[in-house]
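Okay, so subunit A shows up in both of these, paired with subunit B first and subunit C after.
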Partner chain A sequence: MRLEPVADPGLVRRIGLPALALVLTALAGAGLAAIAGADPLATLGQIATGAAGSRFAILETLNRATPLIFTGLAVAVAFRARLWNIGAEAQLYAGALVTVLIGTGLAGGWALALPKPALLALMALAAVAAGALVLLGPVILKTRAGVDEVVTTLLLNFVVLLFISLLLEGPLKDPAGMGWPKSPPLDRAARLPRIVEGLRLHWGFGLALIAAVAVWVIQTRTTLGFEMRAVGRNAAAARFAGMPVNRVLVRTALLSGGLAALAGFSEVAGLKGNLTLDLSPGYGYTGIIVAMLALLHPLGVVVAAVFVAGVFVGADAMSRSAGVPTYIADLLLATALLFMVLALQLTRFRVVRG
Partner chain B sequence: MSALAEILMQASFWAAAVRIASPLILATMGELICERAGVLNLGIEGIMVAGAFTGWFTVYLGFGLWTGVLVALLTGMAFGLLHGTLVVPFGLSQHVVGLGITLLATSAAYFAYRVALPEVTSPPRIVPFPPLPVPGLSRLPVLGEALFSQTALTYLAFASVLATSVVLFRTPLGLALRAVGENPAAVEAQGLPVIGLRMGAVVAGSGLMAVGGAFLTLSAFSSFFFEMVNGRGWICIALVVFGAWMPGKALVGALLFGAFDALQIRLQQAPLGREVPYQVFLMLPYILSILALVLMSRRAGVPAALMVPWRKGER
Partner chain C sequence: MTAGAAEARDGPVLRLDGITKRFGPLLANDGISLALARGEVVALLGENGAGKTTLMNVLFGHYTPDAGTVEVMGRALPHGHPRAAIAAGVGMVHQHFTLADNLTVLDNILIGTVPLLAPRLGRAAARARVEALSRDFGLAVHPDARVGALSVGERQRVEILKALYRDARILILDEPTAVLTPQESEALFATLRRMVADGLSVIFISHKLAEVMAIADRIVVLRQGRVAGEVAARDTDRARLAAMMVGAAVPEARVAPREAGAVLMALEDVTAPAEGGRTGLRGVSLELRAGRITGIAGVSGNGQATLAALVGGLARPAAGRLLLDGRAAGADWSPRAALAAGVARIPEDRHGAGAVGDFTLTENAVLEAYRDPPFSRRGWMDWRRARAFAAGLIADYDVRCPGPEAPMRLLSGGNMQKLILGRALAARPRVILANQPVRGLDVGAIAYVQSRLVAARDGGAAVLLISEDLDEVMGLSDVIHVISAGRLSPAFPRGTMTPAELGLWMAGHGFGEEDADAA
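What follows is the complex of A and B.
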């Protein structure tokens, strides 16, 4: 067999194949439920109602989607320029760390005396800077020394997490924390407000939507966006055309690392109120799935993040009642990812014999 | 300094270094075979988890240790077949598919573990591979304990280096495999099956990765627990680069890494080491891997067609 390009893929191909990928994923989910000894259809139904069956469930899903929008955007921006940032997890924690340092007054009490909007803006910007810095290292190694960024960003995740662990058991440890490795809570002034008083959804979600639109504008309306796409499509041709490829990669990295760090800022300041080692259950890695399901489109990232968050929230709820292990969520998402990339390839190519 | 010299003189230290290196050697050879044929396999981390689980679970069900190794090998080959199919004939992004395979294999192992053992809180243990001293040689000073009093899987790891080296550089198959990683169009012109060669390399390499994972459960820790692979797969990818895609050099890299890891464990317990937070020691292997990548990055040796999908009839 071999692949032959499809000159002008029709609507059936462009919509039908991705839809088929989702159907096959649902079938896989039913199969997994059966393996775990549960009723397949009921399990899928419980995941759906757990994700979106009530106002509480929907808000929970949107809350869970918030960090995924940020990490999904971080990955989408980077992958578009073929910068393989697998380190969003580390960048998230870097952002969370800086948020805690400022928001608890550990970095100096003067910050807490600022008006609330200024304080929040300072925390967010400092988080962006920290995340950008974490990715800057691997990217400079890539552009200067030709070191593959996949491995360096992956390995840095472990280094940064251990560093956070060190801080949480040392200088950052909450004296009133009963010995648990967690930071002191943020000052009340440093907390992101709720969007609607009384509902758990916080302004981190609003910020995530703004970020998605901002990234979309950058990608479609600015020179940087054009250069990022050109570098991603063909770095050698972009260099030949006189584009400063390395500078574009560095700027992409700053944007990507900063976006991932905002996930940390939003989780700490909007939801958790302090820093612990389980702040992120792998949001940085899940961001890769979100970005791929969104076809690297920044607005698509919002939709994909809500979908992925729904699978996680729904699986948690289902697991409590039906007893199917929550790992079914990760399995379903991995399946969806692989089916989806295959479906997308088959919209552009058809398989012919010979 | 004298504490360091004392550690380096201990036979048990070198034995630990070789033990720590063993799973890395197996998985590194697996990755090296894939990359030599032009396919980056980021599924390695998850394939090691899956191999660690299926190998352990087979033995837990009452089958023999070697059956466990075989099942792990087949598990790895199955994931390799999936990875290979998606990236070789279908030409999908090797980065994306590899990370997807890692997530798939990892969560499949965790899911299966929870389905099979819903109630357990502490991971059940199995009887692991016993040390297998080589008569005579095992009584050599220092080296005897380090190299010749290990378990069967460690010997298998060394054998895998020899086998990889011989096949890649001494057989027509190896020549074809290397050529397919350098210039697939030329291999096509010779009338050899590019897709078949790449698929074969990915399937075989993934099998080795899973056996590397099985080392952890069948030879080292005796039970399966979450997060046990803990980035070892990513370190193997760094080791392939460090070894400039040569089996012997990658072996040296893995042994150096093992020695370093064994050293940091001992330094943690040394009087001075107890003053330093333990996380610093745990960070060192990852930092060392990054440094090794930086030092080696200027050297040639990258297969020219690595990560380049190939379509029939394309030049």
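What follows is the complex of A and C.
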């Protein structure tokens, strides 16, 4: 068996194969449910209804998709330029930390006196700066000294998480928190409003959609985006053509780190209201899956993030009623990723026996 | 000898019939038929993109044809099965070798012939066979040498041995001399002659007329996916073959004498360190004048890469000065500074440095100028203008491609080079760095690229032509320098030196005396 390139994949290939991947994922999920001793079809149905079966479920899915859109964009932007940012988790927490520092008044009460839009904008921008800063170190080490950013960004995740833990046990600890390691809650003025009053969907989701469109516009319409894509596709040719490769990488890192930090901002200011160590159940890492499923396309990231969030939310709901462990969500995502990568490969190549 | 081969003694050992292969809108092979007799060398001649490699990939089972049949020894081969082709006695030596650098020659030859769980028996027999083959066909290479340590010529011998070890009776060589020195090519030809004397048949893919005339019995010319003609080598000559390849008489790049203008760029006693595997430069002085082609002759690896990097903005002199219009280039000398100063660059490595394969032709067309109007304003790209520019280049430079939105990697080397050339010349450069501008191109593309360079020179540009092909340097240059071990000879005006005299300089002779004088 070997692969032969398909010069012009038709619509059937481009739509049919990814759809087939989803069907196969569902089949695998059914198999897993059967192993867990539950009714396979009912389990799948419960996951689907849990993810999208009601207004509440849909909003819950979109809420869960919000941080994934940000981290997915962060990874997609970086990977497109061949900057392997595995540290979206650290950048997310850096953003969350700064959000809490400003939003609780710990960084100075003057901020809370600002008008609400100004305060929120300040928090978001400060979060972006913090996330960008976290990725700046690794990218400078990479461009100046050739240090592999996979290692530095990955390890920084632990450094930042432990640092947050230190703060939550010390200066940031909520005096009214009954001894739990959590920060004081944000001031009311520092909370992101809901998109529609009464519905549990906050403006972080709107910001995520705007970010996705913005990243898409940057990549396809601006000189910086052109440079980022050229550096990712062929750095030698980009350098030869006069592109400032290192500067492009630094700018990519700032954008990527900033996007990941917005996930932290939006989770704290839109959903949780304070900072804890379980703010992110690995959104930074799941962002990699999201970006890969989206083929690094910024608008695809939105679709992929909603899909991934739906699987998580649906599996949560299902496990409450069917008693199948929620780990099935991780398995489903892993299978979905594998099938999808395979399907996308098969749209571009056909298998020939021989 | 197998029964099949004996049976096919009278008929052809290989017959391709009506092979058609389409890639999207591109018809790569259009009803090609070809027969190969026992003990015969057939050359497959054609421009880049004429369909030679596609045809051989169909024959070898890498591609499935849309129509047509392949018969070996009178028996049809199933499509798309390289293993069936190997079993039928077809061996292929690709342009880019498929060897594992970290294994020995013997291991590379045995790969795929030994069952997975076989004990390490039979190695001695295998080695004896490899040694016998290597002796019989003059393919000198040590079985225990690590492939990574071998020269290109030796690696090619390993590839041929690999095919022979698998009992190939038909050997396909795809552009085998592209990577060889003249001596290595001669040795390869000797090997091929021994093989046909032994009853093997050879298909020799090339676009070099001289070697095709030297080695082939019969020549099949492909043009735009079809057979344009078929002649016995003894009944034709280079001019007629070239005409068949390009469909018309080859226009020679004519270089009429011309008065040189001002010095646009100069190197003054420049020294540059050896970096990244490049030979450094030692006290090089050079003047590039308007309306003049300055040729740099020399054996590859003698400092050409460093010279090109300096002129192109990728390196700065460690000592000495790089002058632009009489002013020294500063510490900010870079590709961007070079472009801004009107230096156009045609890089040696078009795939690696000249183009982004995954980008469209449009994106590649503006790879250098994307920052400037009309392609962008205040950081915003204007893709409509870029596309129009690319379409203009495609038309003006005869780039054969599906269109400006096609990915660059689909293009053949010649068409890729035409786009790079067009991109470089579109900026109306004052200085043109052409580093190996026609290497690996077919005659049609060579004539085209060279005539464009000459036209740019006639238009007043200063051209720096770096080439390892002495004929090319002598044919095009107004003055010639020879580069050897990082040193540059004085300028020799056209017609003052014979190839033999230049050859002595290339071997480093004139320099030694200079050094002695200086000391």
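Brief remarks follow.
Just so it is clear, the second predicted complex is superposed on the first by the 349 of 354 C-alpha atoms of A that agree within 3 Å, B and C clash if a C-alpha of one lies under 4 Å from a C-alpha of the other, contacts with A are read in each partner's own complex, and residues count from 1 in each chain.
Definition applied: contacts are C-beta pairs under 8 Å (C-beta built on N, C-alpha and C of every residue); 3 or more make two chains touch, one makes a residue touch a chain.
None of these values were measured; they are calculated from a predicted model.
Placing subunit B and subunit C on a common subunit A by superposition gives a clash between them.
Touch criterion met: A:Trp84 reaches subunit B, while subunit C stays clear of it. In the superposition on chain A, A:Ser321 makes contact with neither subunit B nor subunit C. When the two structures are aligned on the shared chain, A:Thr222 is found in touch with subunit C, with no touch to subunit B.
Comparing subunit B with subunit C, the partner in contact with more residues of subunit A is B.
Look at A:Ser54: by the touch rule set out above, it reaches neither subunit B nor subunit C. Residue contacts after overlaying the shared chain place A:Arg239 against subunit C, while subunit B stays out of touching range. Residue contacts after overlaying the shared chain place A:Ala230 against subunit C, while subunit B stays out of touching range. Taken together, the subunit A residues at the contact with subunit C in this complex read 4, 7-8, 220-226, 229-230, 233-234, 236-242, 244, 352-354. Contact residues on subunit C toward subunit A in their complex (touch as defined above): 23-24, 26, 61-64, 78, 80-84, 312-314, 334-336, 338-339, 345, 347, 352-359, 363, 367-368, 370-371, 376, 379-381, 383. Subunit B contributes residues 42, 82, 86, 89-93, 95-97, 99-101, 103-104, 106-108, 110-111, 114-115, 118, 230-231, 234-235, 237-238, 241, 277, 279-280, 282-283, 286-287, 289-290, 293-294, 297-298, 311-313 to its touches with subunit A in the complex. Every residue of subunit A that touches subunit B in the complex is listed here, in rising order: 1-3, 32, 35-37, 84, 86, 141, 145-148, 150-152, 154-156, 158-159, 162-163, 165-166, 169-170, 285, 288-289, 292, 323, 325, 327-328, 330-331, 333-335, 337-338, 341-342, 345, 349.
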